[in-house]
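Pasting the structures in now, so scroll down.
Shared between the two complexes below is chain A, which has chain B as its partner in the first and chain C in the second.
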Partner chain A sequence: MSGVRSWVVRRLLLGLGQTAAVVLLVFALTEALPGDAAVVLAGDQPDPDRIAAIREAMELDRPAHERLLDWAAGLLHGDFGTSLVSDRPVSTYLADGFGPTLLLAGLTVALLVPTGVGLGVLAARHEGRFVDRLVSSTTLGVYAVPEFAFGVLLITVFALRLGWLPPTAVGYGTDLLGHPAALVLPVVVLLSRPVCSLARLVRAGMIDALDSPYVAHARRYGLSGVRLRYAHALPNAVAPAAQQLARTIDWLLGGVIVVEALFVIPGLGTVLINAVAERDVPVVQGLAVVFGLSTVVLNLGADLVTHRLTPRAGVAA
Partner chain B sequence: MRSRAALGVLVMGVPLALALLGPLFAGEPGPRAASFTLGNGHWLGTDFTGRDVGREILLGGRSVVLVALAATLLAYVVALPLGLIGALTHRTWLEELLMRPLDVLLAVPSLLMILLVASVLTPDATGLALLVALVNIPDAARIVRAAAAEAASRPAVEALRMQGETWWRMAVGYVGRSVARTLAADAGVRLTGVLYLVATAAFLGVGVAPDASDWAVMVDRNRTGLFVQPWAVVVPALLIVALTMGGNLLFDALLEKRRRV
Partner chain C sequence: MTVVAEIRKLRVETGGRAIVDGVDVRLVAGRITALVGASGSGKTTTGLALLGAYPAGARVSGEVRTVDGLVGYVPQHPGAVLNPARRAGALLHDIARVQTRAMPRAERRAAARERVLHALSLAQLPDGETLLRRYPHQLSGGQQQRLVLAQALLVGARVVVADEPTTGQDALTKRRVVDQLAEVARQGIAVLLLSHDLDVVQALADEVLVMRDGNVVESGPADRLWHAPRHPWTRELLATPPASAGPAPAEGAGPVLQVRDLTARHGGTVVLRADVLSLGAGGCLAVVGRSGSGKTTLARCLAGLHRDHDGDVLLDGVPLPRSLRARSRGQLASVQYVFQDARAAFDEHRPVVDQVARTAVRLRGVAPDRARAEALDALAGLGLTGEPVRRGPDELSGGELQRAALARAVLARPQVLVCDEITSGLDTVTRRSLLDVLAALRRTRPDMGLILITHDLDVAALATHVVVLDGGELVEQGPTREVLSRPRHPFTVSLTETSALLTARARV
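Our next item is the complex of A and B:
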């Protein structure tokens, strides 16, 4: 028992360390600017007024550690600072982009588990035969394909040639739920990579589980194939997959940025890309903290769940 | 498995050959035509600035492939000594000091890290290679360490130590050699991951000029003309898909073979 508890404590400490590291890293990047940060950030419009405004807005005259402490203390209260470009608080940017991104990510995760597990079980049932070879090769191939290339090809086929779906979400604003047709392609593109990795893991786990003595025993009792697969083999096959589910969150965050850019969806990813293009450092910092912390928290949650499922496995921490 | 490797070679061969040999056949740039037109001696039409798409395709693969290769190599140059020292040292504090910061870095999504740096530094192609290498170091070092730790716990290493062999001889001569196969397989898989990151970063405008001859940039910039001149988008997108897909099929087949041996 004490072993389990100390593992949980160590994992929580690692999570805390990662949180602190994300905050530090994001802040350090503005400090890493060569020369005068305000001049660099002014970029294309280097007039003295703008430089002075940036210097004042970011309080560049104060020592770095003081600014770091202030900024970190602000984060605890949900105060992310103000944009250099529009003078609006960063939190309003976050609030505006939150809806579409959460909708996309939520829909994807909701569809990811049934599709990935379903494909994995399907391939495992037909191990070595045509269906398995087809599913395995497809999932292996699509797994590494960048979302933007895959997405643009889907747009060409389904929006351009067939005209079934809208090519982008332009004109729908943040009300995406009112236009479900515009959501189909983005969600399919977002699903492509995580589904493949999940299906491959479930397939491997399922094949092992179906070969195991306890399933053979259950078979001798005359249990039906469905009960055998879903009640006995599957629970043992999904434990390694649960761990992978957390890793796919990293991809999902990257994927959301690309998909929002590709389909012109006004979510957090689009806000981030615009802020990067305009060198709006406070907005970039705020978004990076939000993205980074969601990854840390979701990974922590997944590790704890996996540990609960397979206490023996000793997840690295 | 053999058929899958053959399929991988076939699918990856076309874009790879085009990327490496294409620039030799590209020839001189012709006069600029109107944007997004078809015909007029342009096989695949013209792009958003009126350049010949066929020529851009021939030129555009090199940057993606070379940046990805350089980044993979660089990641290993750093990860290899880190992982070997972490696995072979008997000082726990040194191992913790080397490996813990990497665990922490693993928490930051790769693309986010690249965008963060891009927001303050505007990297060029070299910068992009460095960045992609940087985000790959933690994971590569972990794999090196895991493989090396297994090799380092073998009786052979104990025997070498008792014979008074040098640390160098043990680390490079024995442990390094025994993990080489595992790492070669990992490098293949990592290369497809790196290709993904490099292409995606270029699509988002990191590390490339806005009018660069680069497949990913072509997909991004020619999207505005998708309805008039789809070839300028579809052909580079297909090439990127073939490159990553074929690579993954091939490297996985090689990995499988290794596992069975």
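Our next item is the complex of A and C:
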């Protein structure tokens, strides 16, 4: 066990390094973009003197490395800095955007795991027969449809034609829980592709596992089908699916920009788009830190799950 | 005499070829029936038929009857039927849970545990409870085997099919397996033993069926079969191995390979200590000992595959670098290694002859065309000719592949050839012919030193000198005849005795 523990510590340290690298890269890229927050603020009157004045007021005239160092020093005691555009602390941006994103992600994952695994097991049980072909072709078809197209289709049918559900979350602010109807379509769109990839992975793993000598052995000794499938075959089938699930959760926590934009949900994705448009570097950097850390933690979790499911493989890296 | 399972006129056909044809087997409670024959003779197919398992796409005719359908199975590689993602006890608990379903809820758990522990003790796994919490890969091969047997006993199988239970085991372990199967039979269970290990068959079987090419060529009580075999194939199978292949060539002048103060570690633990060891040019040294005694580690140190050691390995008086990477081409060529699992030692996608020729190209800088010609020559010299060697390794049998591996190693013109258990896992006939190949190699390459890692005293008899390892210590060494006929160290005594005992038991 101590081997696993030291591996976790090493992975976390490595993850911190990776996050720092991401932040540096993001900073360098936003610096490289033409224009800055001062130009954006100057808006309709791009008078060079005015821009220079704004720049001085926002301390944008200081060298880039000094600004980065200041910001990094603040980060060490939990201060994400303040927005260049609104002067509000970056942490309030993150907190506001995190709520809706987390809600959507949580709901999606809660539905994703049972649906994906269930469909995969179902297809594997009927390998090569009608049910399998139906599940396999449907998942392949749905997987091929991009989120924005699927979202537009759903809005057209269920919101505009049938009028069953609100087309967007406009007007509900961050209080989405109070209006569950507004969540249905976004969650369905978010679910569509991950369910397909998860189901296909579980199906492939289950077919192998159900065909294995250890499952044949357990079947020979009279175990029930349900127990055989879920207690003996499934643990061997879900290791690759766990990795895919971690990537999906990471994708969801990043605020799926297309879906948030389509349904006008004020999540992290929306915050990110606005911040980039306004050249609001501290907000972009704050988001980079959050995304980086969640990626590191989620992948670590997935690797731990995989390690538990394939105890032979040991730990690497 | 209760017949608990019966196979009548079984015929199994795959791809238009009958792999089992017209086989009749009757299994009687408390008796051990053995199916013997070379690999590929249809033993396993017959055994699996009792379990209702057939090769994919097989056409089956005939009748397989079992009393209540409960047949236990202990496969050759018990690890394959243990779920790698679940702890070792998972299946046992599930079986016990099914059996205790009718009990009141409060008693179920205790009763299930009771049953599992009972089955474990029947399978001679007394400390089984701690074992059940481990993962299958954390158990030894013997523990895995007993665990799988415990599953069969827990289910209440009236018949147990044991497929090659002693293949690749040392003499002491073999004896344990023999005792264990005898104990299973004493409990009134019919045992179908599939084996090419004749010592074990002789020690255990009440009834023997000799198979060849899918047919039973002879069957009868073990005693009759042993003392008066009727079929020529049976006689060939039972023939005692030829006395070791003549006097070995005299050893050359100085030692070609020497080991000084070797201490090898795995992580922090010392697994092997060898102060002095030497191999003369043209000499043949057998390293014997149980599994886990450090034999393979010693071989790996010599070949540069195990770096974590102190002390020196000297080739012609010059220390060899510890790591394979640090050795020069010449040094790599001088010490060659043949692995136990020949199939794993070949790339399955490239023709065998190309892989053999590669040694000459890589290690001796021979031009590819000439290397190929040399490889074909070397293969032919070991009895491998014709089309199959130009195709992938799956066209060759295990014994043929092992010859190809030998040819590949010899093509490097080594001064020292290390053979690590190259005969274990092969049936008697194949094993004997491989030993003949080794003896022939010693005659055709008189300057090459040979190191045989083995737990089989028959193989060791081929050597001029023997080193005995136990628990990582070098407990005895000397000329073969001396060590094997007058063993001094208690371990050596027990090793030679168990071998003798296995054979002796069989004669009773």
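Please note the rule applied: the second predicted complex is superposed on the first by the 254 of 317 C-alpha atoms of A that agree within 3 Å, B and C clash if a C-alpha of one lies under 4 Å from a C-alpha of the other, contacts with A are read in each partner's own complex, and residues count from 1 in each chain.
Operating definition for what follows: a contact is a pair of C-beta atoms (placed from the backbone, for glycine too) under 8 Å apart; a residue touches a chain by one contact, two chains touch by 3 or more.
Just so it is clear, the structure is predicted and the values come from calculations on it, not from any experiment.
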item: Combined model on chain A where chain B meets chain C, clash or fit; value: fit
item: Contacts of A:235 with chain B and chain C, given as first, second, both or neither; value: second
item: Partner chain in contact with A:129 - chain B first, chain C second, else both or neither; value: neither
item: Between chain B and chain C, more extensive residue contact with chain A; value: B
item: First (chain B), second (chain C), both or neither touched by A:217; value: second
item: Partner chain(s) touched by A:179 [first = chain B, second = chain C, both, neither]; value: neither
item: Chain B versus chain C as contact partner of A:10, first or second or both or neither; value: neither
item: Minimum C-alpha separation between chain B and chain C after superposing on chain A, in Å; value: 5
item: Contact residues common to both interfaces of chain A (with chain B and with chain C); value: none
item: Residue numbers on chain B that touch chain A, as the complex places them; value: 4, 7, 11, 100, 103-105, 107-112, 115-121, 192-193, 195-196, 199-200, 203-205, 216, 219-220, 223, 226-227, 230, 233-234, 236-238, 240-241, 244-245, 247-249, 252
item: List of chain A residues in touch with chain B within their complex; value: 14, 17-18, 21-22, 25-26, 29-30, 32-33, 40-41, 137, 140-150, 152-153, 155-156, 160, 167, 250, 253-254, 257-258, 261, 272-273, 275-277, 279, 281, 284, 288, 291-292, 295-296, 299
item: Chain A to chain C touching residues, read off their complex; value: 213-218, 220-224, 227, 231-232, 235-236, 239, 309-312
item: For the chain C and chain A complex, residues of the former touching the latter; value: 51-53, 70-71, 73, 75, 80-86, 90-91, 94-95, 98, 135, 137, 148, 151, 155
